[in-house]
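In the two complexes below, subunit A is the common chain; its partner is subunit B in one and subunit C in the other.
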Partner chain A sequence: MMIFDRCIKLAGGKRFFKHFLAICCLLMPVALSAGENLEEESEFDAAAMIMHHIGDSYEYSILSFTNGRGEKIKVSLPLPVIIWHKGQLKVFMSSSFKGGDELVPIGDDYLRLYHEKVYLTDASGAINHDESQSVLNAQPINLSITKNVASMMLSCLIMLAIFIPAARRYSRKGALVAPKGAQSIVEPIVLFVRDDIIRAQIDKDKADRFTPFLLTIFLFILINNILGLIPFFPGGANASGNISFTLTLAAFTFILTNISGSKHYWKDVFVVPGTPLPIKLLLVPIEFIGLFTKPFALMLRLFANITAGHIIVLSLISIIFVMKTIFVAPVSVFLSIMIYCLEFLVSFLQAYIFTLLSSLFIGLAVNEHH
Partner chain B sequence: MGILTPDPGLVFWTSLSFITLLLIMKRYAWKPILRSLKLREERITFSLRDAELAREEMVKMEETRRQMMEKARLERDGLIREARALKDEIVQEAKLAAQNEASKIMEKAREQINRERKAAIADIRNQVGLLSLDIAEKILREEMHSAEKQQSVMEKYLKNVEFN
Partner chain C sequence: MEQISFTALGLGLIIIGVSLGIGKIGQAAMEAMARQPEIASKIQTAMIIIAALIEGAGLFALVLAWLVN
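What follows is the complex of A and B.
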């Protein structure tokens, strides 16, 4: 409190600071009650909370609060669980797990939701651990629509909803009418990706072949990044910060790069013309490993950037609960707003970098030597 | 590390979503959009080239016009000069003709006057002659009224006559 008094004195007549403090004070009661509840509960585990938030989930949390009688109420959207086990396909809603309390029978075995993962158990629902606390139970083939999958599908729908009407306008009105509505968003994006990313990296006569793939990957990543930044219901999933997501997209780039690689490209990798033999012996393995490190870097970069952003925001908010004081809330909120702005930039930046590097790799593989 | 382990289910759904999205977008979004943009770019390129050509044409036409104007101006000046010369000539000629005509008329008039005068003089002479005769007759009659008078006159005349 002393610090704040001093701050106000230092700020003097600066209105902005006063307003900021006033807003923070308005937020206090909410946060305070949250703090009180936490004191009643067990110790707040920030790491677990953060991991839970950046990880996947079988239900879509919408709201959770404690009502007047002190009961915890969780409002969430159950998502379909799809399990393939011993030639048997079972589809049910995740609400059947009752948050992990109930077992769902499949054939002779049972399924149990344990720490956001589905394991096969016996009728008692026992989960066995080894010495390092990792679960020994087997996992079935799991094609569930998890929170990340749902968010990803939503992003697909958003993309279709924006781009198809715009494209229809192009086919209906032709190219010579001034862009209108969705077209005015679509056109700069398409032109930017096509001219400044793709054509800048890939020879012009070959660029058009890769344009649909790279445009789709750019927008898919971008929309998923932005959806991940929305903190409440339809957003909040960390799809583009999930390693599986980035792995898949990097794999697509890898496959596309290598199936369209020119003779020259493969010669550069396996023969390395114009170098003496000892250097060749050194370079060929490096070049070969390079084939895999490129998409690997793509995968990690996107994953790490998006996940790190989410971790920072969650950590800053966690400070309030870890320190169990409301007075740190203005600092936390202010800093997380700053990080949010940064993350918004990063959403675009990472989509751009992923697409740029993908087209760079494709360009290296298909371009004629200059 | 839980977050670093890829989840096969999510990999499957990501692949499926992405491939489906790619196919739909390629067919229904990118194809019309990219085609239209290309069309527009070509159209713009052509239009710019056409505009450039038109501009050159304009410059050429302007040059032609200027030359034609210049030629017309010279021609006009020539015509004016010629016309002025012609006018002077005509005026000169007309003056000369008028002078000639005038002098001819004057000549004729003079001749006429001379003739008239001569005729008038001849007439007056005749008239005077006749009058003189009349007067002389009358005077003679008066004078020669008496015999003595006739006698004195005869004598006088006879006196004058010298008989040589």
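What follows is the complex of A and C.
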């Protein structure tokens, strides 16, 4: 809990409050000008804006604005689209779609970008809907590097940039020299995760086998959470609030837990020793379902917490545009900065909880019975 | 319309239950920490684990309500 204490200590004090006010003042003009532009625009759809922001995308939008002549300017970084269709691999930049206006031919079919998804269409680019407005067109096998994937790759690079120098220094100088540079930040985090999370849940002699995995999961989630909180270009992707991201991490924990499960663990699931037969008939299905619900809850917890955080911040900013007045801007900017501080804590907390529960499940599976 | 309002009611009930549960854990943990500050960190870990389990149950219900809707 050392890290949380330090966060709280940092957050206290007069100097912090001064900085906080300064940030509020700096952000005010942004919010004000955003409010002024609004009168030219048509109806503002807060739900659509929020869904667009928390969803995935084929381009990294940097900024969009209306210039003096009333033209809409969109600056964005196109990302590669990789499609595998009928034994044919096609790689192109997402700018070929021209924001959904143009079709990209692949074999006999065409690809169309429609509501941030790529569909197969005919030459006319028709998108068919059924009664409930869901799209009937087929989707190709899509291996594209989307915004979330790009953000994950960036977090991998950040991790490599921090950890390789630190690891190199450890292998050169050993662990007994005073830490320096990247080591100074790596060492407390690694020791916290190893001693307070992993070794507290898993038996000492087995804990070190799982430390690399759990440490990677902790730092990967943490860095992705923090990147998601950065509101401008290199961050801002809702990677750790994406269900496929959390599904993958939870699946890793599920597989690792079950392949390293001891005899006792499986006996507890399928035999439930020490209970009479009627209870056994009741407990075995429950225990069996429990194998799957544990990683499922792990998946949903991270997804729901991070997505909810993004939605709250965006909703608070949307209040300005929904109320169509600049006078709510101070309130909504103040509240959204408060939520930002909370989300910063949550991004640590969720990484901590994911790692803690993963090591708890692994501990249940591998620990000796005392 | 009716179905939507029932979902909203269900979501409200889920949140009531989960917040009651987490609130009780928080209360008990605070009291225990005040009595025995020397094992505060252990209590905190246990508190977070139990809170996470309750939150998991709440999330299940939320997702089910969302899927049924």
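We adopt the following convention: the second predicted complex is superposed on the first by the 331 of 370 C-alpha atoms of A that agree within 3 Å, B and C clash if a C-alpha of one lies under 4 Å from a C-alpha of the other, contacts with A are read in each partner's own complex, and residues count from 1 in each chain.
Operating definition for what follows: a contact is a pair of C-beta atoms (placed from the backbone, for glycine too) under 8 Å apart; a residue touches a chain by one contact, two chains touch by 3 or more.
Quick caveat: nothing in here was measured; it's all calculated off a predicted structure.
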Partner chain(s) touched by A:307 [first = subunit B, second = subunit C, both, neither]: first
Which of subunit B and subunit C A:297 touches, first, second, both or neither: second
Subunit B versus subunit C as contact partner of A:259, first or second or both or neither: neither
Which of subunit B and subunit C A:277 touches, first, second, both or neither: neither
Touched partner set for A:144, first subunit B, second subunit C, both or neither: first
Which of subunit B and subunit C A:178 touches, first, second, both or neither: neither
Greater residue coverage of subunit A in the superposed arrangement, subunit B or subunit C: B
Touching partner for A:136 - first (subunit B), second (subunit C), both, neither: neither
Complex contacts: residues of subunit A adjacent to subunit B: 51, 54-56, 141-146, 148-149, 152-153, 156, 159-160, 163-164, 166-168, 170-171, 174-176, 186-187, 190-191, 194, 208, 211-213, 215-217, 220, 242-245, 247-249, 252, 307
In the complex, subunit C residues that touch subunit A: 41, 44-45, 48-49, 52-53, 55-57, 59-60, 62-63
Residue numbers on subunit B that touch subunit A, as the complex places them: 2-15, 17-18, 20-22, 24-26, 28-40, 43
Residues of subunit A defined as touching subunit C within the complex: 1, 196, 200, 293, 296-298, 300-301, 304, 352-353, 356-357, 360
